[in-house]
Amino acid sequence: MEKKNGNTSLITSNQLRWFYYLVPVAALIIPFVANEYLLWIVNAILVYTLVTVGFNIIIGNLGQLAFANTAFFGIGAYTSAILMVYGGVPYTLSILMSAIVGGLAGFLASVTALRGIRLYYLAIITLAFGELMRWVYLHGDDVTKGSDGLRIPDDIFFLGIPLDSEVPKFFVFLLLAVLLVKATSNLMRSRIGRAIVAIRENEATTASLGIHTARYIVLAFVWSGSVVGVAGAMFAVLTERVLPEAFGLTEVIIHFGMVLVGGTGSIVGSVIGAITLTTLPEYFRQFPGMDELFFGIIIVLVLLFLPKGIVSLLWRISPAFKERYYRD
Amino acid sequence: MEPLLKVQGLSVNFSGLKALSDVTFDSFAGEVRAVIGPNGAGKTTLFNAISGYVPSTAGQIFFKGEPLHGLAPHDISVKGVRRTFQTGGLFPEMSALENVLAGLHVQIESGFFGIVLGLAEAREAEREGILRAKRLLDLMDLGAAAEQPVKDLSGGQQRMVEIVRTLATEPPLLLLDEPVVGLSPPMRDRMMDIIRRLAGEEGIGIMLIEHVIDLVMSGSDTIVVLSSGELIAEGTPEEVRQNREVLEAYLGHA
Amino acid sequence: MDIFLQLTLSGLSQGAIFALIALSLTVVYRATTIVNFGHGDFVMAGAFFVYVLVIYVELPYVFAAISAVLIMLGMGLGVSRGFIDPIKAGPHIGFAMMSISLGYVLRGGARFLWGREVFPMPRVFDIEPFFIGNLVVTGDVLFISAIVAVFLLIFFFIFYRTTTGVIIQAVYQSERGATLIGVNVRAFHQSMWGVGLAMGALAGILIAPISLLHPDLGATFLIRGFAAMTLGGFGSLGGAVVGGLLLGVAEQLFGFYINSSLQDITAYLIIVAVLVIRPAGLFGRTVTVRV
Amino acid sequence: MKSFLIKCMFGAMALGVLLIGNTVKAEDWETTGLTDKAIKVGVMGPFTGNASSYSKTQIGLMAYFKHINDQGGIHGRKFEMFPEDTACAPAKGIAAAKKLVHQDKVFYLHGNSCSAVAMAVKPTVSPTGIPWIIAHAVNPKITMPVNEKKSIYHGVPAGPAYGSTMGEFVMSKPGAKRIAMITHTNDWAKAYCDPAIKVIKATGGEIVLEQALERGQTDATAQVLKLKGAKPDFILGCLYEAETVIFLRDAKKYGLRIPVMGTAGTDLENTLERLGDKDAVKDYYVLHAFVDKVDGPKMKKWNDIILKYNPDETITGFSAVSMASGVAAVKALQNVGPDLTRSKFIAELDKIKGLSTGILACDITWSATDRHGCKKSAVAGFVDGNPTVLSSWGKPW
């Protein structure tokens, strides 16, 4: 609109905002056209959207190679499942608890980063954290039921809506995803989001601007942990049984792949990444045995030719798609 | 006049090596104070010590009478001592506007919940910050470049953005580490002009590290000369020019 | 006492493999500051090449092994040139994902070609176990320990006693300095990738007769390589070796004296313990940054 | 804006619930996945991933279906197979099940190797009432207690059947009393070991030592030395193939010459081939689901069927396991007659009693209250240096 630099793009950022609001509204039609299988994939996409959005805060915005994301995911799922199974806690409340416990796990993970451990060293330590958590699920038999997995109760309600098939799950998941994506977007386009990105760009300089870097590193991890924790609580209901196998190293790699394929540090990219890497494996079902090969090749190609992720294709359409760390 | 910054007997050791030893001087509001000296004299270490990036081994630093030594960099910055860096001080992937907004961080008063929930107050605070940042960029003729990532800007523009970012909160004391390095001569003169104006008109205390002696002599009120970590001379450009020790220090290391 | 010695001996021979993998990771890391997260799969690939060369091309084992190591050396050069160089300008996150994905391609390729089968790797020697006092020594232990020991001697000799080694050390210290004295840093990176993958392949070839050959062979070793690196001090060459040996012994002792179900997570526990107690590891320099 | 969004969502939500509630009609359900020419059958299996060697059993099952098709099919219908990959990963397995049930709309499901996946899939499949025959996974909880829609069957010995066979065989050795264990710490190992322990304890034995050996380990020194110290009469080994080999290798190395009882996850021939040392497998006994050696004369017929449709396939102990339940399913389908429905199929499956398949050592018997169709297994071991199928210690099958 009031662009001074002679921006002649087709789409203004104002129009784009309406487009973003339209996406979830348009998605409301999906349950009327999709069967349970397709709807399950859509629901999985909604879960993975939050997983990726949360992970991207650490990887993309904060720029830290911390791989504790799958641990947050599992912790969220188990928190919710355990509370529902043993405590009779309503699902809605258990989601909140997953967010809190996930946030605490995020805090724990941030301590390593605060000790000044960075890059690959941080990556390896956070991987170890995730694998140790998996060992706990496997050996915490009395509570987690070991590798049998914890079956969540049949009669689950979200604010009175019974989550007994994919359709109600879709609406609830969509609501949660929209709310958390919006909240994360608010956060990233504020002074807090700028501080987090500034730390990625140059930690020393950031402090010189009066920004308490340690506080924002912790905040990024805690927020990431909470968002992914909620995703975990959704995953528990999606799969109806929480199993240790679902939170292994393969899952770490898939989450990482989603962030990079979509685009680091971009919320739109996170959504694209979640959609791409949830649907492609389903598409590849027709070529059995070639999953890993395709997965590897796709990511290699994206890294080589679209280093900023698929979202960068949108930037070619209009620079308005580039996410800013402030809002007009 | 009460000094803005008091440095008393400041020493910094790096694993036994003396980077600074027993440096003492005062700095005042509205004054441009240059820090010069041969390579390795400890100029940047002095800035790092004042701004909290390296711990001091001995000595004290006071800003407006309050001790700064032992504080973390961000606390010192909040108190009103701001600095720039020799190289790579900007956030290259962020736009000029975002860089300046990051500089305004502590002045934008929006709380966590207000931000997350998108409350009106938080948005208002952000909006004010954005207006302010845009105004500042316009003042420096950077309005057109506001939306571009700073890595795409020219060297001169980048320097300007950094100065704008550092000045955004109107700090009483500014530490500039080689602010004109890499700039073309006309840009250099313009930059020195801005610096002089900031000190003269806004009453900001400025300390700067500079190698180009002409600029130092013409642009500063007071000069501090460091050599091998020691303060060997302090005074007006004229006084320093005539100091024999200074000449020796430069020739000895040349 | 006998048991303790037996456990230690067994742990050392396991540890020799971990050491080799940790060392190969470190060689690449020190040269390029990249940790190869796909290394496990390159280790597997090395072993698969031996299998292919022995079974299908019918090469004698030793030639097959040498050829496989050379193939992996070439692959290292190719990976560096074709996949790492083009994304050099990007952040480390890209390198991490690139190495993982390349590993996935290898694993997927192995799975696609050999799919559901698990192969017994041909045995090199069949030495009857013999006794030293009450200590049982088997051919595998002897073979692995001897090869790794010889290899390490050669490696550290080259590194600390030859001109090549001095140059490598110099580049490790300062790339800019190395450029000034005429070292081609790009070629250097490529060759270090080659050396790293070749060493990894050697580890794969040594372990495959014991662990059997399957596409997921590398995964368990990679995490142990990481643990060895961490324990020895991230980025320290000697540390990687000592860390690997210690990890091998620790796994055995944990398994026997504490609880055998802990054996599997010894590596992870060590990683976390090192972080809490001494992030720099045994021989590492400071690896942390000030926050 | 936001409140409008939320209103929209809840409105649509209510509509969606209504729509879905009305779409499933009873007659449709009975004949879904059937045409005059075809019976659609969904075959889930770990065709990729680190457990892909199990998928040999789905290959075997599908070869049998193709064989039946080539013989003219069942009442004019031919099997149309929908193999779906689970990669032995829960989430992927659920997607596969949803696809088969809701998109491909198969008539029934037959397959599944990984217990964890079968357990993960159960909440998806069980409420639909679609017949589901578990042809390889061993976790007994997949089928028992019988699910509400009474639609899930086990066509191989489940954990308890296998496990109690292990226990009985161990205790059939004269003088066996002190038993030690070496196991993975997962549900798979528990499915074998727990019932075995029960039998051992009930028949006067005691467990003197438990050792864990996790997947991916390449050394069992610590475990072997502990076991040696405990001096048991028999060792129960609930380990996968690779770890079994490592354990036996180290057992021989440290002179642990005590008989070891292994699971159906391993077989004698492969273990021997991998170890390359007859001496090391001399004391290894292993559950053997089949009536004969894997390459024995009684198995030839079945192996030939597999090889006819998959010429490059290597036959292992997994290959023919699922074919037995295939035989049972074909029998039930034939008994139903041309007017096939899901309810009739289930009724006929429940009428299968004492069906000797000529493949598995057990006869398959199903009823409305007991879905563990296979109650026992044989054991294989070396007798005088020859692999032999045994029913108890020293007694050939």
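Just so it is clear, A, B, C and D label the chains in written order, and each chain counts residues from 1 on its own.
Keep this in mind: a contact is a pair of C-beta atoms (placed from the backbone, for glycine too) under 8 Å apart; a residue touches a chain by one contact, two chains touch by 3 or more.
Note that the structure is predicted; figures quoted are calculated from it, not measured.
Identification of common neighbours of chain A and chain D yields C.
When each chain is reduced to the average of its Cα atoms, D sits farthest from chain B.
For the pairs A-C and C-D, the count of C-beta pairs in contact is higher at A-C. Centres computed as Cα averages put chain A at a distance of 33 Å from chain C. Centroid to centroid, with C-alpha atoms defining each point, chain B and chain D lie 72 Å apart. Distance from the chain C centre to the chain D centre is 37 Å, each centre being the mean of its Cα atoms. One inter-chain figure worth recording: chain B and chain C are separated by 48 Å, centre to centre, where each centre is the mean of the chain's CA atoms. The set of chain C residues that touch two or more partner chains comprises 111, 115, 219, 261, 264. In chain D, the residues touching two or more other chains are 48, 52, 185.
Taken residue by residue, chain A touches two or more other chains at 139, 213, 289-292, whereas all remaining positions touch fewer. If you check each pair of chains against the touch rule, the ones that pass are A-B, A-C, A-D, C-D. Contacts from chain A toward chain B in the complex involve residues 3-5, 7, 182-183, 186-187, 190-192, 194-195, 197-198, 201-202, 204-213, 219, 324-328. Listing the residues of chain D that touch chain C in their complex gives 48, 50, 52-53, 55-56, 59, 185, 211-219, 221-223, 225-226, 229, 241-242, 245-246, 249, 253-255, 273-274, 276, 314.
Touching chain D in their complex are the following residues of chain C: 3, 6-7, 10-11, 13-14, 111, 115-118, 120, 123, 126, 129, 136, 138, 207, 210-212, 214-216, 219-220, 251-256, 259-261, 263-264.
Here chain A touches chain D in the complex through residues 21, 24-25, 28, 31-32, 35-38, 40-41, 44, 138-139, 146-149, 151, 161, 165, 167-168, 170-171, 174-175, 178, 239-241, 243, 245-246, 250, 281-282, 285, 288-292, going by the rule given at the top.
The residues of chain C lying in touch with chain A in their complex are 29, 33-35, 37, 83, 86-87, 90-94, 96-98, 100-109, 111-112, 115, 219, 223, 226-227, 229-230, 234, 261, 264-265, 267-269, 271-272, 275, 279, 287-291.
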